[in-house]
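Down below is the structure, laid out as structure tokens.
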Amino acid sequence: MLCLFLTLFLPLLSSFFSFSTPDRYSWLIILIAPFLLLLTAVFSLIVIFSCWNNTAGLIRIPWISLSDASISANIFLENTTLLMASVVSVVSFLVHLYSVGYMAGDGNPRKYFGMLGFFTFAMQGIVLADNLLVLFIFWELVGFSSYILIGHWSEKTQAGKAATKAFLFNRVGDAAFLIGLMVIWDTTGTFEISTINTSATFEWQTFAGLCIFGGVIGKSAQFPLFTWLPDAMEGPTPVSALIHAATMVAAGVYLLIRVFPLFSETALMVIAVTGAVTAFAGALAALFQFDIKKVLAYSTISQLGLMILTIGMGGVYAGLLHLFAHAFFKACLFLSAGSVIHSLHQAQRRDQHHFDVQDLRNMGGLRKNLPVTFLTFTISGASLAGIPFFSGFLSKEAMYTALLKDNTTFSLAVFVVMAIVSFLTVLYTFRLIWFIFMDDSRKPSALPVVEVPMIMRIPTALLAASSIWIIVSLNPFNFFGWIVTDRSNAPSIWLTIFSVMWVAVALVMAYMRFRKPSFLPNEFIADAFKIDVAYDFAIKRSSEKLATTVEFSDQRIIDKAIHASAYGHVIFAHVIGWFDKYIVDGLVHFVSSIIRWVGGIARSYQNGKIQDYILYAILALIIFIIWAL
Amino acid sequence: MNSLILMILLGALLFSIGAMIIVMKKNAIMMLLGIELMLNASNINLVAFNRFYPTRMDGQMFALFVILVAVCETAIGLALILRVYQYYQTSIPENINELKG
Amino acid sequence: MSSALITYYVFMFTAAASAIALLFARSVFKGALWFLICLLSIAGLFVLSYAEFVAVTQILIYAGGVLVVILFGIMFTSKLAAKPLRVENTNVIGGIVAGTLIFGLLTKLVLENTVVTEIASSPRAIESIGLSLMTDYALPFEVIGLLLLITLIGASVVTAFMKEKKQ
Amino acid sequence: MQDQVNTILQSFGWVIPEIILCSAFLIILVAGLFRLQRVVLLTLALITFASVGAAIVTDLYTTSPTLFGMMHTDGVSSFVKMLINISALLTCVLSIRNKGVHRSEYFAFLVAIVFGAHLLVMTTNFLLIFISIEIISISSYVLAGYFFDKKSAEGSLKYFLFGSVSAAVMLYGFSFLYGFTGSIDFATNEFVSSLASSENSLTYLALFFVLAGFLFKISSAPMHFWAPDVYESAPAPVVAFLSTVPKLAGLTVLLKFLFTINLGGQSPLDWQFYITCVAILTITVGNFAALKQTNVKRMMAYSSIAQSGFLMIGLIVFLPQGVEFFLFYASVYVVSNFLVFALINSFEISGTTTIAEYSGTGKIFVLTNVLLLVGLISLTGLPPTAGFTAKLFVFSALWAGFQQSGNTILITLLVVGLLNTVVSLFYYLRIPYYAFLKNGKPAISHNILSFENLLGAILVLVLLILFFQPGLLMSWINKINFVL
Amino acid sequence: MQNILSFLILVPLLGSLAALLIPSKKVSAFRWLALGAVCVQLVLFVLLLRNYQPEIGLQFIEQRLWISLDLGSWGVLKADYLLGVDGMSLPLVGLSIFIMLIACISSWHTLSNVKGYFSLLLLLNASIIGTFTAVDFLLFYLFFEFMLLPMFFLIGIWGGARREYASIKFFLYTLLGSILILIVLIGLYLSVNDPSGAGGLVHTFNMIHMANPANYISNTILDPNNMITIGPLSARAWAFLFLFFGFAIKLPMVPLHTWLPDAHVDASTPVSIILAALLLKIGAYGLLRIVYPIFPEAAVQFSTMVAVFGVVSILYGALAAMASKDLKRMIAYSSVSHMGFVLLGLASVTTEGVTGAVYQMLSHGILSGMLFILAGVLYDRTADRSIRNYSGLASKMPLYFVTVLIAFFASLGLPAFSGFIAEVMVLLGAFKSNAHNGLIHESLAVLATIGLIFGAAYFLWAIQRMFFGPFDVKGVAKKLELPDLDNRELLMLIPPCIITFIFGVYPQPLLDFINPFASDFVNHVITQAKILSAHP
């Protein structure tokens, strides 16, 4: 119990400490904050070991009591929450550690570590809360810390824009979430998830579910509100790793898992379709990015889409598993990418040579300079790609299994989408690794790139270690383990084989496509060229086309639409402003000018000519008399 | 036609003509005459109506007092007209309009 | 038709005619004369209406006093002007409209409403007037005296201080 | 015969205040001949009004028998007479620094007007009404010209012409009323019964003519045209006097007249409706025309026109409470009005006559302007001044009248009246607005601790006390037994 | 203890008088005097708080006969000096004192005519406290009107460029509102009888008596049993509308709000603070204290209209704020938007809604005060309020950035700040209303939620434009001399930060005051409305 509270409040303490430390002692922060987070992680592991597989428990904490209703900030404990809590604290600790290196020399470590700690606290709040309103509060608070952290480098105009965009997109989703909360309060009179989940179906349930899912769309960057996530990469890379890959964006998925019983059939269907669209669009977009972080961002979108798709199809456990695995390998990918960026940046500073350190086209052949980073990047990339012996393979298998559970056309279609997405995942992962580390031909011109310091290598390595299969289950081809224990969802052996084969095909394809940017004139290659042509024709062209379309739609249509609506609002707002100034106020002026006009009339009879006065008086008198008689 | 009604109609005529003179004539003294005409209209009425009520002399008394008051008005009016004339060199009322608005 | 009645109509006619003439008078002086005729005719009507005392007062005070004062006024105010006695009209339409409206309204109402009753011949009223002045009308009688005093002083103030100011 | 003489002799006992006034008039005139100091004349006038006021206060609530066969005093008229004397007293005090007006005639005319007002308040006799109105008018014509300059000459001439015409119109109305009722006293049964029995539309015309005369006296629309021109050109104390004394006297006689001709609501003509229309017109014209005025006194003229409308509200409802509230309103109006004019006068003496010239005075004459502000606020009818209480009362009366008669014109008047309060604030605030908010160079730059400030402070105190304890005055008014 | 409320009013009043007696050269004496007076009030308030018993409603009642006029056949007209506080007014009194304290500190460096300034400020203080504690309608009206004049001069003399226009506009608008109130005030007291009066009729201004239909004199216009109709509506409905719009001007409600931006833009910082934090609350207070309890059936009848006005205010205010180029104007419009929530909560007549409405009043009081201080901080340094002329302030003024972040995010309804609790409560209540008492439709609550998005948009855009990017201040020569917050400003800003945070995290202490009031209120309105509208 104490451990649990410590897990929740130690990050807050860290945050508090960081904010209250004077600037002179800011070196203390980088000692204390990671240490406190280490404690958090330890305590969370203690909690998970001591409480794993216990029956669900509820810790009651009264909060607000009204005369006829009360809202309490209860904590709900079950495997899901415990798992998520430990993931959050462990990843957060590692990111803290990493940040010590990454953010060394940053002007404002107080704000950075303070907000990081605050974020961890809020995230733990989301995880542990049993009350939807409390959950919503933390939900918004993570959004707030995300806002601050994205905008950490406030001198960058882009950072500010990205932060604003992120918060506003989230706000749209949150508004829907809030409406959902209102419906739930109206119909059930409570916010407690444990109560809502067990209560009978109610009127407006689909509507409420969809509204809550609206919140998920915003937070987890789902279609159509996903464009904020790539932009959010303006923030420091560890932040992207923690918030925009491992935890916050996963909070939406987590929420879906928590309130799963709330969703009706229709709502689930919508959820699945949304997830599918997002997954596909994200994967395609990732394939054509040049910014290393944006590739990862689109990848995150795509993976989140997969989770949501799975949950929409009823595979809660599979979604959770993927969430768990994804948290580690994606965090590792980001941190590794961060290492690449960091080392290039350092080299660049030494060399006074300016180029975009995040652009794939400026990289190549870095594996010799950055061996550890190369290793961690590859391991986590493999996990992302779903290569056997990595956690990603197992979670993907679990998802396949979940999709194929009921043999409807819809589930089959969804399965196909998922397969395509995994295929694309392999492609872009390979492309990413290849371009950064292999392809020596495009190696940056003799830059003195050296490996990042130990404090950054260790967390990356730890995360990489967490991306192998053991973390999920002992059997590298079967996802049953400590997380998924229900053996009724057994994967068929054919599925495993298919999965392996599919990855292999994809790898081959990727290798063929990305190995050499320039083509060699020989027979074998000609054959390959034919395949290339076919591929070019069948996949590349069309997919490129599709991708450009998606990107186009993303950049132009959706973003434009959203921008347009934003502009529309601004224009509308200006119209309102104008309206206020001229019409509403004008009405007032109109009234006052009427008053003046009447006054003018009353005055105009006072022309100084006595005979006119008398005439007016007499006429008025006559009028009165005629009127009266 | 009853002579009494004629008296009253005569009064009405004088009253209206008095009002018209006051409104129309570009001379303060003419306006004064108009006022007198209106007062005379009242006097005609008072005297005429007194014949309905022969027991008391109210109407005639009233008319007497009206004549006296008319004298007072004329006196003060002429004094004022003279004074204005000193300042404005005119007795045309519509030229005396420094006060307006 | 008795001679009294004829006289009555004649006075009425002269009163009305002189009033109308006054309306159309082009000079103040002529206007004052028309007004004199009007006053005298009205005095005649008073006599015929058994109000001799009023008639006498009318002639003495009104026609005698007031008119003389007015003539003095005319002379004072016209000595400097270029066209001394000409009177022009203003507000013609308004005046005519107002005048006809009043007259029309009054005539209509008078004709509709005045109950024609037998006019009692009243006794010679001079004594009762005298008595009333000392009894019923004692207060107005006193007050009118005060009013005359006020007017006297007022008129003197108005003219006297004006002259001071001019110097 | 003997009886009549006896009645007259007995009547003298009841008219001591009027006798004092009458003698004071003569005494002041005679004193003027001796070229006495101004102070003496002023003291004489003050003593006169004070003693008359005292004489009235001694038997405020008694109702006299009919005096001289044509008037009587009762609570209402005594109260109004008291107000009139207070006004006259304040006028004298105000005139202390107006050197130009210090002639015996000035005070004599003040006394004469008060005398006329007394008669007007007490009488119900058409003849006496006519004569007293003429006394008031003729004296006013002279007083209005007491600047003895070009403008004041014009103002008093206009006043005279307009006044004479309305007097003539009123007289013409009287003559018809006499003809149809056979009585020249509207309090007599003869008058009332023949009015009630007559179906004669000429009577109503006559009543309207008479009302026109009264409306002239209280400067109510549509007979208000003279007021701005006269007020602008006359000295401030005279304006203060003219905007209270004749108005209160006129309102009192109008009150009696209206209650008579309304016949307890039995009149075929809905008098409530027409008088309410007049009030609405008056309030609106007064307030709206005041908006764009630049001369302070002219603005106050329109203000006083509008105030007549508010004063009329107390009469319109035809309820005894309405009369009580009218008296309360009148008292507060007198105090506020004199407060404002006292301060305007002190500015006028220093040559500040237009509103724009008040610019920047707020920083130098802080106290004067604050007191002025309180006065204007009271005229507007905002707390914490008695003006608010007074407005609250008259509007309460209006509401109650509406509750009783269900005449929707009353609720219209309520709304129009209150909205006009907003409009009125707009111009009332112009003086403080210029004084405090605008920067400017005042005509005189040194602060004089004038006695107007002292007077103003006293009047402000009265206004505040009456706001917090209206019962002090109302309990007095309550004792008045209102009978016609 | 018995007269503690009177003392609360008297202390600033005496302070104001004392300020008049001090020679105007001693500038600092006025500041300390004002500060001292408010501190005394604070002590008194703490005393009040300690002795407050949440379980009984109106308490600390002081009743003294003020006006008692015998009107003969009409009965007696009675007005009392009647003060009292309950769960709604007590926090508002606290808010007033707190804001006054801040305003005093904020006006520390007022230059011109310090004497007049502080005496007016104290006068305003007294009348605001009076308004919040008066239980007698006439007394309430007295204080209500009395606020106008000090405010008029505070805006008009110590204001900005167009101060004269703004002050006149402010005055006329609010006066128009109070005239509407006065009409109904007259009708009410003529219709209500004091049941404690022995025998005859006693016309009373007591609000508590007015809220009880049994006290109405039969056959008066506002008697609920006497269905008089004027035009299309009953007399009571008219009275409700008059009162409602009278107070809505003060609130301010769209479309009666246009005085607010002008008044704010041209008022000096402390005056803006008072205007936004306290004067706007008085409109809402009037609705809660007077309009709804006295005319419950009309309130229920017009609930949809009220809610629609609320929602329109929320959306319109937010959009207008979005279009504002001037920082203060934006904040002013945000006030319009926030006060819309009060209307919406009120219209729902549910416990949540009403609690939320009162909570929003308090929260907005603190937040708007803060926002105007922040706007003033910038204006003091550069004399420029245009949003687009600033950029990159975050690096130059980090403390300022932090406080702006807190204030803006708290205002846009970020959880953990009081605004969130209030808005959520209002929305919950509004949504629940249809199912619960059938007053307003759910879609209105949904629309109001959209207002939250707009609210976020304009605050965030303002932050983005002003604080992110490279540092620059256009059109200011000494742009590099832009010092961060000094101690005085921190002293003003930190307490509201803490308060809004505490009430956002743990609202229960405040709810313990508000909630009993809200449930009594809802009970009263709903049951009375049922009884009254059941009449034929």
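Order as written gives the chain letters A, B, C, D and E; numbering starts at 1 within each chain.
Note that in this section contacts are C-beta pairs under 8 Å (C-beta built on N, C-alpha and C of every residue); 3 or more make two chains touch, one makes a residue touch a chain.
Because the structure is predicted, anything quoted here is derived from the model rather than measured.
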| item | value |
| --- | --- |
| Touching subunit C and also subunit E, the following chains | A, D |
| Number of hops, subunit D to subunit E, where each hop joins two touching chains | 1 |
| Relative to subunit E, chain with the most remote C-alpha centre | C |
| Interface ranked first by C-beta contact pairs | B-C |
| Distance-maximising chain from subunit B - centres being C-alpha averages | A |
| Distance-to-centre winner among chains (Cα means, whole assembly as reference) | E |
| Between subunit B and subunit D, centroid-to-centroid distance (C-alpha), Å | 26 |
| Cα-centroid distance, subunit A relative to subunit E, in whole angstrom | 40 |
| Rounded Å distance between subunit B and subunit C, as computed from the means of their C-alpha atoms | 6 |
| Computed distance of Cα centres, subunit C from subunit A, in Å | 103 |
| Residues of subunit B touching at least two other chains | 8, 15, 19, 22-24, 28, 31, 43, 48, 52, 61, 65, 69, 72, 76, 80-81, 83, 86, 93-94, 96-101 |
| Per-residue multi-chain contacts in subunit D, two or more chains | 127, 131, 134, 138, 141-142, 145, 149, 153, 156-158, 161, 165, 169, 201, 205, 228-229, 292 |
| Subunit E residues counted as touching two or more neighbouring chains | none |
| Chain pairs in mutual contact under the definition given at the outset | A-B, A-C, A-D, A-E, B-C, B-D, C-D, D-E |
| Complex interface listing, subunit C residues touching subunit A | 90-91, 94-95, 97-98, 101-102, 105, 109 |
| List of subunit E residues in touch with subunit A within their complex | 169, 254-255, 257-258, 261, 316, 319-324, 351-352, 355, 392, 394-395, 398, 401, 405, 409, 414-416, 420-421, 424, 427-428, 430-432, 435-436, 442, 445-446, 449-450, 452-454, 456-458, 460-461, 463-464, 467-471, 506-508, 511, 515-516, 518-519 |
| Interface residues, subunit A side, partner subunit C - complex | 611-612, 615, 618-619, 622, 625-626, 629 |
| Complex contacts: residues of subunit C adjacent to subunit B | 5, 8, 12, 15-16, 19-20, 22-23, 25, 28, 31-32, 35, 38-39, 42, 45-46, 49-51, 53-54, 57-58, 61-62, 65-66, 69-70, 72-74, 76-78, 80-81, 87-92, 94-96, 98-100, 102-103, 106-107, 110-111, 114, 116-117, 119-123, 125, 128-129, 132-133, 136-137, 140, 144, 147-148, 150-152, 154-156, 158-159, 162, 166 |
| Subunit D to subunit B touching residues, read off their complex | 126-127, 130-131, 134, 138, 141-142, 145, 149-151, 153-158, 160-161, 164-165, 167-169, 171-172, 174-176, 178-179, 182-184, 228-229, 232-233, 292-294, 298 |
